[in-house]
């Protein structure tokens, strides 16, 4: 088992960051031959991890606008009333998406599809620094 | 690899149970030093696992009310018409959320964020006893 | 660690395929005794993996109709405008559900509930051939 971390600065507000280039570089270095699994996890309750084709239409418009449709930022949230905060929707979106995923690797490469990238989505309402904990099981 | 189970009594109807205290206790005992992964899984098709800040606003109101908004209990469900049952929405909510997650651990601690707890959500329409199968990979 | 693949022909358009029979057969053959984890992953950005009770009401009507409610195929998607494509909703649904899951196994059996099956959902708008990468950690 090999563990490494990535530190990512985000804009918040559904900022979607492509993790594939850096994850691919690390996997190639740490484990160039053989089969394994890469687990990717963001600590924190207002961000999530998934995979999507990283192209501007999907990541700048389509996925953020569906999150706004499903979990609007202007609903009533008890979280905001209790804590005098503005990110109730951020917590709920993160809980729905989940904070991590596992990707198979082989011979130093992630086995994601050609148009499939691992991404971090920051749902918080302000810029954040996020730590991604990555674990390679071999 | 180390395997253990938790048995949890729930109220059903979106009851959200904080698993972090017991998971933390077990990880501290079973694997006090080094890096690992903890996989947490609920058997059954009407419950799910995710992480959220475990505070009353989010777990008693905000997340349950978004599930009711997204997958209302009073839509028509063929599952209910076929089986003369009342929990079609419970099955659909559980399929959307997913039955498990994996959390990195290090030196006997879960690497969840300070305000991030692993939770079981029971979507069924009655109290249930749930078995959570936990697997620690070291 | 043992790796195997399944090739699945789907109809697209929310076709839901039960993977449990083939996964169970492989696990029984490859690892008949002891505790392990099975990771199941679909490469590609328009399909997902989850678990659900595999019965016609849920898989032919209830889950597909909720996806249509949450992420309608007739919204405006920038992805479609940019690439002259028709599957923006397929990408968004796949990103929400996620491309993989992990299931505990013991003594050659998946520890899914009695009414819980691992399924592939193909959200694309045409029939596809999908490769499922499966990894057994023991």
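We call the chains A, B and C, going by the order they appear; numbering starts again at 1 in every chain.
Throughout what follows, a residue touches a chain if its C-beta (ideal position, glycine included) is under 8 Å from a C-beta of that chain, and two chains touch if they have at least 3 such contacts.
These numbers were taken from a predicted model, which means no experiment stands behind them.
With angles rounded to a multiple of 5, the C-alpha fit of chain B against chain C returns 120 degrees of rotation. Where chain A touches chain B, the two copies mostly use different residue numbers: shared numbers make up under half of all numbers in play. Distance from the chain A centre to the chain B centre is 20 Å, each centre being the mean of its Cα atoms. Residue positions 70, 96, 98, 102, 137 of chain A each touch two or more of the other chains.
Interface residues of chain A facing chain B in the complex, by the touch rule stated above, are 1, 3, 39, 41, 43-45, 70-71, 75, 77-83, 88, 91-92, 94-96, 98-100, 102, 133, 135, 137.
Considering their complex, residues 35-37, 50-53, 55-58, 60-63, 66, 69-70, 96-98, 101-104, 106, 111-113, 115-116, 137-138 of chain B touch chain A.
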